[in-house]
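Presented below are the structures under discussion, each in the form of structure tokens.
Paired with chain B in one complex and with chain C in the other, chain A is shared by the two complexes that follow.
On to the complex of A and B.
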């Protein structure tokens, strides 16, 4: 890879960087994909980086987080040690594993990573673009930026009539050096009547007090007729040093089921955009989220369920605990279009604030154009039940442990949605560490 | 379904029952808006210089906002040409009126057609009515009774002359002219409105009421209401509106300011039934209103109740700033849209004081091709320890071409806050209708019953006299409509 000079902090820098690094960006691209990238950067130029004036970014100041000299094409980065990779694996989990280090896929020793469902990124960019799921160049600046630049990512193609025997583990690790700006574009296709489980982990090894890694990722998911996808995403570590914007575009065909479970413990500034569109009847969508924020963490969960077709169900539950000076944002939108009769859509967002410096901004929205529907949403913010706390204290349990128990119980509702035992144990353990169960003797 | 569709058609084809123009001689300003017009309005109203200065300041600010009209609401409308509006129109006043007999018979007829006879109201309900037709207060009744208690209830321009110290002190203190585009416009060109002052410890013995009517074609209506409740006082204020049928869109940009001191309580109820446009979406009122109250003292309470059935476009967010400790804010709303009506309405509850409580109950009913949105903000400031909010926003859909939307904003900055929001959207259940049909009720009656039941939570918050009118309005607009 050639040495890079282009530093980035503004939209203009990115646009200039596109020209500087054309060789790398256009490597092995089909003409259509080149054209697509050019259109994307043009769209980005007209959109610009969103400010807080934009309704979608009202509560998240991304321009401030971006204001730093980012390096997009580093000449070299620190090597990752096998121990570091091992520390990011889920103990006891048998899975097809793909490892991305600072945005680049790196070989992973176990042979099962060569499963037939895993394709190369070059397969995507060198072929014609019809299999790229969604191309909306009009609205999302970070999506267009990603499309223009992304030169690596996971391409998963589960063929028709296939039930994947093991989960797929997509591991994205970032190192703390060099102010890296990372962009991956993932395309996941689940064939007709097929079933798969995908676990996506974002782990930042960064530990400093300022943003050192900024990643802007897009994952396009296409669930064919009668298919089923269990999609887990978790982010740990990097609460002081990693910023990320993760966009998931999910298209569901008839009678497919998509379940997303998002566990967010890490990252200093995290924005998750999850958009699900129903392209066929009889779809089921479950979106679950859990977050525990400490320090200065800022998490912004945006979800959109676009009910285009009749007879579909969606179910959404986001739960969070906010400690210290953290900020949480929940913006969940359920859109029921004119033809989507017999839609059932439920949404719930529950939060607990532990300190007066923590903030929660919730905006649960319903936009409904069909009449034969059942839709509801609820949002609550409160504190731990004082009576329950008293009950535990009166039985000789320390205040700290009692609080931890109550918080765990509160968060269990989403943790219990995790069907993979190893993953559930792994995340429960991480969560318990954060809740300081270790100090229970005091 | 067919039968239901026919009934729906019948309802949607109903003409606006209150569409007529009463013939008064009126005194109009030329079309357009400039400094000269503002000076003209001010001189017509024989205002003191300080009032003119406020208007000119607001106008200067408004000029900086031109072309920056708020566009975030979920509504669509052609751009308003603010130079194509007549900003002042007043019925010609020949002499001061002493009794009801002296009121223009045309005007009395107007009220009769509306089903709101002053006589009847005077006799039966004990309501003092400050009649406002096209911005100028013509007649104020029961004034003496109120005066004995020290209550000031008069038109805004009267207050400017007779109580300048109060107007100077409070006008713009809750909704400053810099607040938003329409507040700036209103502050510059407002023609009249109501003013009410309740002294310390006085409980206003009757419901105060004022009827607004937009009468002159092409006239923007710019009302301003200022209501002050001193320590320990109580007042219930009723505002009701109907407007004649017109083809051009008429703009209404009112400002309402409420101030409640320690232990005071203000109840502000509105029934809005302005011309919603015909069934093709032509005509109708644009209703862009800024309503806000402040609970200044401890244990003060402000309660907004609204029934919105009219207007082509409603853009209205009656809000409460809960500044005093233990203060209470309430918002009860029914918004009904039909044909091509659009409503984007809701509230803001800004919790600043400790132990403040707010309740939001919003019931939206959409029919025809209308769009009905609830947009509300609940903000718990860092200082608002133990604040409590409960919000419930329900939407009822009556046709497959209408829309019902909910856009709540919840901003929590204090850990002790308990905030709950819930919203549901559904249609009138066929099984519910079937149940009623089975018991010999027509589908129309069944729908009317179900919708009234659905809105009951809000209706029961209205003063008696208003509840009757509101119920009538609801069933009038809804008879049999189910999709």
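On to the complex of A and C.
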């Protein structure tokens, strides 16, 4: 009975849906969390869905991507086969694995819960909200929408003085039997002197003829004093039917290290908002990004590093290749506040456009209010080096193979940042496959 | 082996080669000399298949095939090797990996099995001794951060590995000190057999003290205006290019 599930395509539809589905939304909520949700939907109501007139959404037409009848609370969902799950695992990787299917966490093997660091989502919503990391109902419509509705997500709590023995694999698979709107809210807490590696995968198994999926996700990350988090995110497949907005709110305490490596090979429209703030001195932040876009794919990477405290370093490198009619956005803001003396902040964005139709909008922004800092930024967008291509061909290497070699070489700088061998091999293989297939279309 | 007949080529509508005629037989070493801008490097580039140049007239026959219709990689597979005047730096492409790919593509074309890692290393080691190239260069990105001399040596090392039928050395001597020059020349002489051929493009005569040419051609304003034996290079060194260009101008005006 799809009519009763409340179809959505406008802000008003979402707001109405909040009332219709209160039973599901408020289930197991503490009173504080209920209030929080009500405030969030009110904030969403005043914000509305951003149009391209908004500076932050100038190059990404999210209203158009949303223009479809979405189902947010499907009455019934099909099951995922074990083979489909297997196809989304990283060969050889031993990890604590959490699987979300169409936004809902599903049981997965024994390793599912054998780590004490994995908590239940109900722990979050039933508890006192003072534990929730970020309650800033700022100006982000999608964050408020997520807060109002999200009823599942990964809750990770690494206690103090703990080095996690293997990576956590957060696997988000979508394969909807209706046009599905998914919202997950994840909260990751890395305790004092602790270390963890988290790999987050977004994989859409639907083909172009199937239904579409729009996922709006928020992940709050808190790195306590002297902690270290290696955070990998990758998205594959779904270039004709999957849209996602992924927001990461990262708070770093003194002497913590946060490294994000984002590999984007899939999705039709993807917006990543990565916001890092330094709450203590001696923080290190590394943000790496790699993308290869084909067809009509659109990727928008927005990053913000808020240097609030002195003696912190940030290092940012985003590299991408755009083929066919794909479009990309890089908007990297580095804010160095007036107390953030002795800041080192470096940012670089490099793009190669393979066709005349591919487009890249790169906007590096440095805002510096402190005087004793070292900061630099740069953005380049160009074509593949024709001299290099001729050089390789003149040594007997076919044009196709030479192009692949050059693109891989270009992207190697970020691929080499992947410290987990199995993950690096897995993504390198996916990338090579795309490079080879892509060439046939040229 | 190679027959160039009335070859004309332009870049951006400017004619650079204005009717080149040249015959190279197996076992021969040809030197092509000429002042800057005379078309020496353009000839090398056209033979290797660089697409920046448009061939407007003439033919090039290589081992019975129409060379001008072949893709650059097919020319290489058929045994043509260009030692670049300015080898391009390619960050992220490992020199050894590149060479193995190149060698195996060429071997496949010749109906040979690809070399495995161990055999490839053995071959590299033996060729490295001949060229006296620093081992560390092989494990670095292709030409990246190499000095001018290292780049030229690396080109000759690649040539030794790929064993071409027709090697074209485009100003390989420029930027080399005398010791490096001798090493490069020795490498070329070592690979020289009765079945292959070398075209040495140079501005100066000094490389020809070490690679002895059978023929010396002087190219000027897109044409070969004089051909002789190795003594022509010596005369040219003594009298300078003015001697030949003035003579050519006098003939043209006559």
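In this section, the second predicted complex is superposed on the first by the 425 of 442 C-alpha atoms of A that agree within 3 Å, B and C clash if a C-alpha of one lies under 4 Å from a C-alpha of the other, contacts with A are read in each partner's own complex, and residues count from 1 in each chain.
Note that in this section contacts are C-beta pairs under 8 Å (C-beta built on N, C-alpha and C of every residue); 3 or more make two chains touch, one makes a residue touch a chain.
This one's a predicted model, so the numbers in the text were calculated from it and none came from an experiment.
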Just chain B (first), just chain C (second), both, or neither: which does A:379 touch?
first
So in the superposed three-chain picture, is A:413 touching just chain B, just chain C, both, or none of them (first/second/both/neither)?
second
Who wins on chain A residues touched, chain B or chain C?
B
Scan A:355 for contacts with chain B and chain C and give back first, second, both or neither.
first
Under the stated touch criterion, which partner chain does A:368 make contact with: chain B (first), chain C (second), both, or neither?
first
Go through the superposed model and pick first if A:399 touches only chain B, second if only chain C, both, or neither.
second
Just checking: does A:387 make contact with chain B only, chain C only, both, or neither of them? Give me first, second, both or neither.
second
Quick check: in the complex, which residue numbers of chain A touch chain C?
385, 387-388, 390-399, 401-402, 405-406, 408-410, 412-413
Within their complex, chain B touches chain A through residues 72, 74, 382, 395, 397-427, 483
Where on chain A does chain B make contact in their complex?
55, 338, 341, 351, 353-356, 358-383
Quick one: in the complex, what on chain C touches chain A?
48-51, 71-73, 75-77, 82, 84, 87-88, 90-93, 98, 101-102, 105-106, 109, 141, 158, 162
